[in-house]
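The structures come next, written out as structure tokens.
The two complexes that follow have subunit A in common; it is paired with subunit B in the first and with subunit C in the second.
Up next, the complex of A and B:
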């Protein structure tokens, strides 16, 4: 029986690869947009504008304080109630982009605030504009603190993308769920699902570790 | 949207919400205790002199960290019955949450222990302290101070992760929101109430985390 199910599973591999592609599409799109929005929010959050700063802070707290599954349901079920009809895929991308932006915002703000204030003062004294200070003095130094946790965050977000299977996005997890109804070997089916996530996440985890080591070395040399 | 927001339905469902809130709390509490125990054991194994023991723990930690919790949950939910092991859903859910958070706790504890300079341990050896005395009086008091914040952070993640248990039909907070959505088709009332309950837990844990940090800095200064 086991070998029969195994060959069945091999036959449904193309289906799994389609799911893998969907996982890559949802998380890739959300990560790109989330990184851009997260950097903008993070820069504002580290700025001196009190109102904007606390507004973003409150939003980040709301998102960090609730489960991603609930956020996905809210986007998918409640937005249509106020007139925004959404398919599962855009709903998933919106929810994951927002989650990514919130986590990345905190990382970016932390990185910017870790740059010694003397650097900013020196930049201002040299007559650089606010944009120039940020572009040439603050961000290049902050990147050293930002990069390792940023890649680590990407891993968490790729894993979080599995939750969007709950609203019917056919990603790897959903494919596993559909397959296990037909091939009742949970260990085998979800073992394969696990391996497919591992293939995406493990290189990223290693990259994060390498960055962490390299960035620390640079910091101690200075 | 607010003018159509139906508070009466929320009141009507409040007993269900409170019951589900309690369920979320005890599911998380049991998993938290389990995860801390698993984390301590896995960390001790990881730091062991024996290569094989350390390797086994490393494989456990890495495979948990590079796959999503939802896939792990389905792995146990569909996998255990195919091995002939039938457990109630709640037990399967607690098992998955425990093993998942256990891996993260192992890494948090390891980071805390390894942050203690080796010179202090050598000083302990030179003063004639045995292994347990060194752990009890030198390593653990300092490691605890360093790890309390990430540990509370992981506890927050654990409570939020327990929302995924609704997907294997365990009655907890997110499930209550789903019921309100399917019974009355009121997703806004359902999921926003669910979110509010999670936020209560989040803000409590977050303020404990902030408080403990202040206390520890206070202690160091003296």
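Up next, the complex of A and C:
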């Protein structure tokens, strides 16, 4: 029986690869946009503008304090109620982008604030504009602190993307759910699902470790 | 060149600058001293508005620093500021440190800025260290790179905030020598320091501050031998007994 299910599973591989592609598409798009938005929010959060700073802070707390599944449902089921109708795919990307932006915002703000204040003062005293201070003096130094946890966060977000299967996006997790109804071997089916996530995440975990080591070396050299 | 008129500043309840009046002429070297917390660092930090003032007039090179509408970028480019803790950019070489502001603020071409940067590093005795990162330099060398960084903007004024206080004793002189040279070349300088030898050699006047006020202004010889105020006498007795 087991070998019959196994060969069935092998035949379903193309279906799984399609799901894998969907997972890569949803998390890839969200990570790119989330990184851009997260950096902008993080820079504002570390700035001196009190109103914008606390607005973003409140939003980040709200998102971090609620389950991602609920956020996905709100975007997909509740926004149509006020006239914003979205397909499952864009709804998933929006929800995951926002989640990514919130986590990345905190990492970026933390990295910027960890740069000693004397650096900004020296840059300011030499006549560099606020943008130039950020671009040439603050961010290059903050990146050392930001990069390792940023890539680590990517790993978490790729895994979080499995939640969007709940609104019908056919990602790897969804493919697992659909397949297990035909092939009632949960361990086998979801074992494969797990392996596919691991295939995406493992290189990222390695990258994060390498960055961590390299940044520590640089930090001690400085 | 620099003119304080009835300048006041508070940090919360603390009156850090209390009715300051001070004129510094072009080419003049002024040493500011006083007990810690007397407001001397704040005084020079106001000149390029690292700290804003709340009352009074502060005019630097004919520009109104007290006016919130004044664009500070231009004034800051004319003023070199040397920090106690050097504040070199750790991710850039010595040459990168001294050329970034000329390139980005003055819009000097990169090759030209690097030529100027190399010359300026040679002037402070560090021509061979252009490619070194701050962490590879001693404290005295770092502070000299910081001075070169200021000089590369061809400033009209140089401000020094306790430039030798964070240095090991054997490195103090190499920094003071550079500052003496600068003073002799006619740079307008305000130096917050307790280095009395330096004050005697190049300062035209010593400004003594205590509790946010200027207590006494006198030529160095007079100030160190016959201070008028009791507070200055007390201060000098404390720093000169060693």
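Here is the rule we go by: the second predicted complex is superposed on the first by the 222 of 222 C-alpha atoms of A that agree within 3 Å, B and C clash if a C-alpha of one lies under 4 Å from a C-alpha of the other, contacts with A are read in each partner's own complex, and residues count from 1 in each chain.
Following the convention adopted for this analysis, a residue touches a chain if its C-beta (ideal position, glycine included) is under 8 Å from a C-beta of that chain, and two chains touch if they have at least 3 such contacts.
Source: prediction; values computed, not measured.
Overlay on subunit A: subunit B and subunit C fit together in the combined arrangement.
Of note, the Cα-centre angle with subunit A at its vertex and subunit B and subunit C at its ends comes out at 100 degrees, rounded to the nearest 10. Of the two partners, subunit B and subunit C, it is B that touches more residues of subunit A. Residue contacts after overlaying the shared chain place A:126 against subunit C, while subunit B stays out of touching range. By the document's definition of touching, of the two partners only subunit C reaches A:118; subunit B does not. Once chain A of one complex is fitted onto chain A of the other, the partner contacts of A:202 are limited to subunit B, with no touch recorded for subunit C. In the superposed model, A:165 makes contact with subunit B only, not with subunit C.
Per the superposed model, the minimal spacing between any CA atom of subunit B and any CA atom of subunit C is 24 Å.
In the superposition on chain A, no subunit A position is in contact with subunit B in one complex as well as with subunit C in the other. Subunit C meets subunit A in the complex at residues 48, 50, 73-74, 76-77, 79, 81, 83, 85, 87-91, 100-101, 104-105, 133-135, 149-150, 153.
Touching subunit B in their complex are the following residues of subunit A: 61-62, 64-71, 73-74, 77-78, 81-82, 155, 159-163, 165-166, 172-173, 176-177, 180, 184-187, 189-191, 193-194, 197-198, 201-202, 205.
Within the complex formed with subunit C, the residues of subunit A that make contact are 116, 118-119, 121-129, 132, 136-137, 140-141, 221-222. Contacts from subunit B toward subunit A in the complex involve residues 1, 62-63, 65-72, 74-83, 156, 160-164, 166-167, 174, 177-178, 181, 187-188, 191-192, 194-195, 198-199, 201-203, 206.
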